[in-house]
Amino acid sequence: MKKDVPSVISFGESMIRFSTKNFERIEQAHELEMRVAGAESNFAIAFARLGGRAAWISKITNNPLGRFIANKIREHGVDVSHVIWTNDYRVGLYFIEFGKKPRPTQVIYDRKNSAIANIDPNEVDWEILKDYDTFHTTGITVALSENCKKAVEIGISKAKEFGTRVSFDVNYRSKLWSPEEAFKALDPILKNVDILLVTKDDARNVLKVDGTYEEMIHTLAERYNAEVTVLTLGSEGAMALKDDRIYKAEPYELEVVDRIGAGDAFDAGFVYEYLRSGDIQKALELGIAMAAYAHTIPGDIMFVTKDELELVITQKAHAHDVLR
Amino acid sequence: MKKDVPSVISFGESMIRFSTKNFERIEQAHELEMRVAGAESNFAIAFARLGGRAAWISKITNNPLGRFIANKIREHGVDVSHVIWTNDYRVGLYFIEFGKKPRPTQVIYDRKNSAIANIDPNEVDWEILKDYDTFHTTGITVALSENCKKAVEIGISKAKEFGTRVSFDVNYRSKLWSPEEAFKALDPILKNVDILLVTKDDARNVLKVDGTYEEMIHTLAERYNAEVTVLTLGSEGAMALKDDRIYKAEPYELEVVDRIGAGDAFDAGFVYEYLRSGDIQKALELGIAMAAYAHTIPGDIMFVTKDELELVITQKAHAHDVLR
Amino acid sequence: MKKDVPSVISFGESMIRFSTKNFERIEQAHELEMRVAGAESNFAIAFARLGGRAAWISKITNNPLGRFIANKIREHGVDVSHVIWTNDYRVGLYFIEFGKKPRPTQVIYDRKNSAIANIDPNEVDWEILKDYDTFHTTGITVALSENCKKAVEIGISKAKEFGTRVSFDVNYRSKLWSPEEAFKALDPILKNVDILLVTKDDARNVLKVDGTYEEMIHTLAERYNAEVTVLTLGSEGAMALKDDRIYKAEPYELEVVDRIGAGDAFDAGFVYEYLRSGDIQKALELGIAMAAYAHTIPGDIMFVTKDELELVITQKAHAHDVLR
Amino acid sequence: MKKDVPSVISFGESMIRFSTKNFERIEQAHELEMRVAGAESNFAIAFARLGGRAAWISKITNNPLGRFIANKIREHGVDVSHVIWTNDYRVGLYFIEFGKKPRPTQVIYDRKNSAIANIDPNEVDWEILKDYDTFHTTGITVALSENCKKAVEIGISKAKEFGTRVSFDVNYRSKLWSPEEAFKALDPILKNVDILLVTKDDARNVLKVDGTYEEMIHTLAERYNAEVTVLTLGSEGAMALKDDRIYKAEPYELEVVDRIGAGDAFDAGFVYEYLRSGDIQKALELGIAMAAYAHTIPGDIMFVTKDELELVITQKAHAHDVLR
Amino acid sequence: MKKDVPSVISFGESMIRFSTKNFERIEQAHELEMRVAGAESNFAIAFARLGGRAAWISKITNNPLGRFIANKIREHGVDVSHVIWTNDYRVGLYFIEFGKKPRPTQVIYDRKNSAIANIDPNEVDWEILKDYDTFHTTGITVALSENCKKAVEIGISKAKEFGTRVSFDVNYRSKLWSPEEAFKALDPILKNVDILLVTKDDARNVLKVDGTYEEMIHTLAERYNAEVTVLTLGSEGAMALKDDRIYKAEPYELEVVDRIGAGDAFDAGFVYEYLRSGDIQKALELGIAMAAYAHTIPGDIMFVTKDELELVITQKAHAHDVLR
Amino acid sequence: MKKDVPSVISFGESMIRFSTKNFERIEQAHELEMRVAGAESNFAIAFARLGGRAAWISKITNNPLGRFIANKIREHGVDVSHVIWTNDYRVGLYFIEFGKKPRPTQVIYDRKNSAIANIDPNEVDWEILKDYDTFHTTGITVALSENCKKAVEIGISKAKEFGTRVSFDVNYRSKLWSPEEAFKALDPILKNVDILLVTKDDARNVLKVDGTYEEMIHTLAERYNAEVTVLTLGSEGAMALKDDRIYKAEPYELEVVDRIGAGDAFDAGFVYEYLRSGDIQKALELGIAMAAYAHTIPGDIMFVTKDELELVITQKAHAHDVLR
């Protein structure tokens, strides 16, 4: 396998996302837009778009809806040949209507009994993790089912065995489990993670760390002992800690088209650059730029090029020059 | 309750139907059209559009998808106040792509674990059947779950108790059960039916009657002893038997826009006119006209008026005059 | 008739509203969106969505355009069985293009010679007002024609006779009449109104009251002597006066999708809660929440649930807690 | 004025045509397509597309809907500078849903009180007829109002005075008047027509001629004494009579997209070629080709080039060669 | 030729503009919107919409794409009869995806080898310039090719000969040439211009003038000696200098729908009013109002009326009154 | 490389295909559908969909249009890693409007100066042909430019060298060259082809063979001496000759949605099955089934599964049983 570009293999569920148009409510819709969404495939796609080598492991029902998902991920060069196909179960769906203040954006998940929730952890050929620098997954996968949780645990332990790094985003979803359930399941997992990614809200509500951002990230680093710990701060940017040193990146001024998938884009940007250069500051900057771009693109998928990101990163740097 | 118009109360599941546009395949779609579909609600809507009084009983998950279903049925004046709402389970869906020869139309059902499949037969206030001339349901409802089957049986027995007629369409669906399972479940039920509606294919494959159409309908009438037995013949029209007399209606010349829902439209036309006038020949003619119109309207729902149907019935009669 | 939920019957015209998409001008459009709009049916729909019992009286031309209107109102559970159908006249239309600063939103009304403008006041079976807590109409209906004005007057006098409350929104429309004509027609009517609803602009320009908002509402209360007087203040919230006490509600922070129908939504929220609990403060809060939500939903029709409104009302209350 | 190309000036109403998509019924539509339609403007557009000089006289309400109409006619090079603009009255509309057998195509006209129906015949500067070879109008214009009828009569008499030919299509519309009313109004007009265009159905039902097609056209020619008499035969082609000689043209094999406007296209093709070359056979062939093409183009407007028509005419001629 | 309204003839390229919808990126699009765009035709259209007489000279490939362009310009009453049609070369295209911060709006030009770039300057019948008050073109046309540059030079010299004013917008496009190339080509041309229009950015970067806006405009006026010099200031309004006197106009508060074409709209407004009344202040006000409106209309084309502009100009004036 | 599935690498141009909707003409369109099309990528996609391993070689301009092309091909699992990216030249486009009789389907090609036409034959790493069973290209590629022709010749000679079969479809395009030019260029190439695919029309018009189909295929086989010679017969099916034996396959009954790409689908089906099993009869049957399916799918790309094809092949076989 080529080692000249960073590589990642992610594991998780992708769903078909149905969304209304122009702020219509689902009840008044006549057509829904159909896209693919899933934190781990979003990550793999974004990683591949940056120039990395990416694969995605999942289990999908073998019907047109399932093929739609695999196709849309493969479109961006992600290797989907390790996906496990089945004639059983169903393809997970979710429905979204975007809100405007004071009406909140609303989501209906319809993902129960999906193929991946019924995965047998031994169905996966975990040997393939050998071919990748990093194994990536998130708390969503852990939450899907006991089988998924086991698969994540096996995957992580195999990664360790092969010397493949583990990157992990806590990605708490309140519709899947409670903060307490999440903490109980994730706490032992996080102790085996090399690149730990978490939002400030998840850090507070699920991982129960508090204090200033600096205090929070130090607590996380001490508790989980990851190679690098990343705390994303929403509209305040992001922060990382490695070898006891804290790095920070400022956010972009944003006009939001579609907020969904921004966290996955950040993760992909950070991990890609960290694997490529080991430069934490650059990794944060690429992550922040990816997250900003993700807000401007309809759907979860990062239709973007490395060149475009470098351009906004450069412009941002210059803008700061001006301000000084 | 007013008794001046025929009245019906139906019982069954309605789903959201997602369809592609312009013969696109699901795998290549970007938007899906969103409509409501369900044999028994189609029936109730078509019945109401003709001028009858109609209600529909079901159990629906209380979310925007569920409200979408109830709204679109109520839009036509069907009483949905007897629907049982729940916060559990899910709203059944199906996906359809229309084919062109030699590519068949394909359907993906995604209706497992829907609210109605989990109905407790005693949740329904069966006393309301008193207020309607007829209780209508189909073999689809029976096939959904054991609970649904019991609910149908209780409904029919309550209808008998209240002197409410029972109309029933066999409506075999191969994705729900085998012909043998269907026969075993439906055979005892059909013995309690007053208006028996069945296609020639279901009669042969499920009810295992054979011979000429005349022989088939006589066999059905003898076996189930319904007040009136109706055998629909697809592109060859329809036939009914009452009091040992056979009635026939010729089909229309058709250009097909959307074939789905034509059987339900036939049933509504037949039952409405039979309840209104008792005239079997007229009932067949209205049923056939409804089925023909249904082929020309996108979606399952019968956007039609009584006047429009009378016009085509008259024109058809005159066309025959010319030919003689 | 059930008395356990608030009930209302409204009277007025509904039109088909054709709107351009994505801020296109009518001259450059190729397709127009087709929706239903009318102050009194908007009110009845919003009232029904909150859980009330609602009916709507009108006169409509019996063609597909007319049926479209009745269907879309019935979709939400409003009783349209009292509508008078006719083969004469036409269905009123209006065309709207949404503007962006400095281009104003523009409307073309094409409602002359509509069926309701030609109503014979005696066509309506006014006895049905007995079955409702409240009879609701607006200044628009009065402005449509002399016949409509007479129908409103008869309706109000019948309501008085039956002990049915009268709620009335001044709803001045400059394309229908001048402020002076409106005042002349409405002044005597308002003296018979129980729930008087008026915007600050209509109060100033049509009803010719001035001073501070407090002075204005007192003047209105003294002049018309309604049971409750409500003055809506646009982006400044709303105010009500009952038994010489003034109540106020703060507005929401808003992102506007479609402003039209917000006043009707306010009215429905206020009247519903006032009938339900008699609590003026709660009624104002529900009205304001309804108006805010209405700004975020495409079209005039309130696709909303009571639960959703309660959620934003609670959040608003807590937000205020934080600020104190 | 240039005399090197045939020229025509037509007079009549154009409406906005709203149509549903994909055979949807109006009652189930959410969007309507918006196009311009009117027999006389269709004629002028088709004439201009062939290379002729064309103008169109009408009276239009000065709002975005009216400008939409004028724009879409001017788009094809038709001179609309003689249109009379007014701030009164309204823009005529019609709504169409295309049917499939046995459901008929349905039209709702909403054209009452349009600007042109209220035209003052003296508003038109009839002197402009001097600048055109031919003045064209149809029975529709005559049917719109007494004022329109007078305007047509004045126009024809002015054309006679200026030596401008008159072409006229009977164009009977049952929604505007009865055959008897039409005959009474049109019979005197037709006696002043130079190019008389009529369908076989209008000839029979309105002009009350019968017999074989040959007998019919002879009767028409004798009765009205036009320079050339044209009888269109629907799916059987068309026939013309000049100087006692009959010419015929065969129809094309057709796949129908949108039938509307085909008669106007025929008229334009016939008149254009007749003015250009005086060759009746060629004029019939161009007319028939135009009508055939019109069936394949969505909307009323002839998006076509002379070259495209010449190609199908040539191919048709060769196809006939093969058959002989 | 009528001399009662201002008249202009412009010369340049128009392209088909394909744009994505709802902020989609080109890579994720399935449909593109198709419109016509070109600085000089935008100018002519906007000028015609104001009531002026306008013509547009170009060279276009004779195919449906080329006819699409001519049609959409003629739709607004611009005379396109002087366009040179050819069967060679191609129709220029451009693709645009609108961005949201921090993602920039991106354009892909695909205009090489277009018909106009291959124009023979002598193909144009320059005598027609006699019939117009003003000849208008821009730096874009000069940049297209050496042939286009020569055509512009000949056009300007012919205009001078006929006493037709020349208006010229520098309109620098970095995708066509460098500032240095532009300056070299434009500097001699600008010395023959009567109405010089330039943005502050083009003035600085291409024409290399600096200092305050007042200094810049004085420098331009001295260097090029135009009858009137106009400097547009983006979000700061616009400024003009004539006879050593400076005029200024304030900008409007704007909500942007589509920014493209705003400069052309300004030019048309300024030139139209300047030709009509000679009043520089009014000309600036109309230009600024046009530019503001252009920001609110999808596409490049000014769907606007003179009345609408006068209304916003009046409102702006009154708003200023209030502020004082 | 895995040798367990048939493998192919194709070489050619892919364009963006813009098409109108619902039989609109380009001149009247407002939106165009955007898809990817190219004979050789169509082939590779269809081959991959059947389960084969496929790659596609081309040269593409590195912009969003170019990435759109590569993405949509990769979506189906075709390896596009051998594509040569460039910042020069342009992406080829074509515009299509579908006709209805007698209006022909019309295409505007806008592919001049595309990246691949400017390919340097040595840019391609021809060594990769070693990894594939077959190298596939068509006469279109040869016609694009002298450089492309040379690249094809080098590719074929490299294939020969590596023992990789060559499959070649004559695919004559009259807009690219004359039959004589095509013959001159292709005749020597065809002598090096292993699997020769040609339509009866191309065989007659370009390769100048005549007689019965049997005579034609024998002539081709003798002249070019391919391992297998395939003659496709349009609506009459297809025929192949190998080792002096002729095989035939009957066509399907078809309803056409989009005819484009059917030839490429046939080729992929034939070559795939021929490589897999060497069974000519089965290869013809799969080719014919693929071509039939291709007629029913919008766009050029074969959204189909092997299972779907096997089903229609089986049904066809049974239908024939019935007929016997």
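For reference, chains read A, B, C, D, E and F in written order, and residue numbers begin at 1 within each chain.
Note that in this section contacts are C-beta pairs under 8 Å (C-beta built on N, C-alpha and C of every residue); 3 or more make two chains touch, one makes a residue touch a chain.
Not measured: the values here are computed from a predicted model.
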item: Between D-F and A-F, the pair with more C-beta contacts; value: D-F
item: Chain whose mean Cα position lies farthest from subunit B; value: E
item: Subunit C-subunit E separation of Cα centroids, rounded to whole Å; value: 47
item: Centroid spacing, where centroids are CA-atom means, of subunit D and subunit E in whole angstrom; value: 39
item: Residues of subunit D touching at least two other chains; value: 22, 25, 27, 30, 67, 71
item: Each pair of chains that touches, named by its two labels; value: A-B, A-C, A-E, A-F, B-C, B-D, B-F, C-D, C-E, D-E, D-F, E-F
item: Parts of subunit B lying in touch with subunit C, wherever the complex brings them together; value: 67, 71-72, 74-77, 305
item: Of subunit E, residues touching subunit C in the complex; value: 21-22, 252-257, 289, 292-293, 295-299, 301, 303, 308, 311-312, 315-316
item: Of all residues in subunit A, those that touch subunit B in their complex; value: 18, 25-27, 29-34, 63-65, 67-68, 71, 90-91, 93, 95, 97, 106, 108, 110, 112-113
item: Touching residues on subunit B, where the partner in the complex is subunit F; value: 22-25, 27-28, 99-104
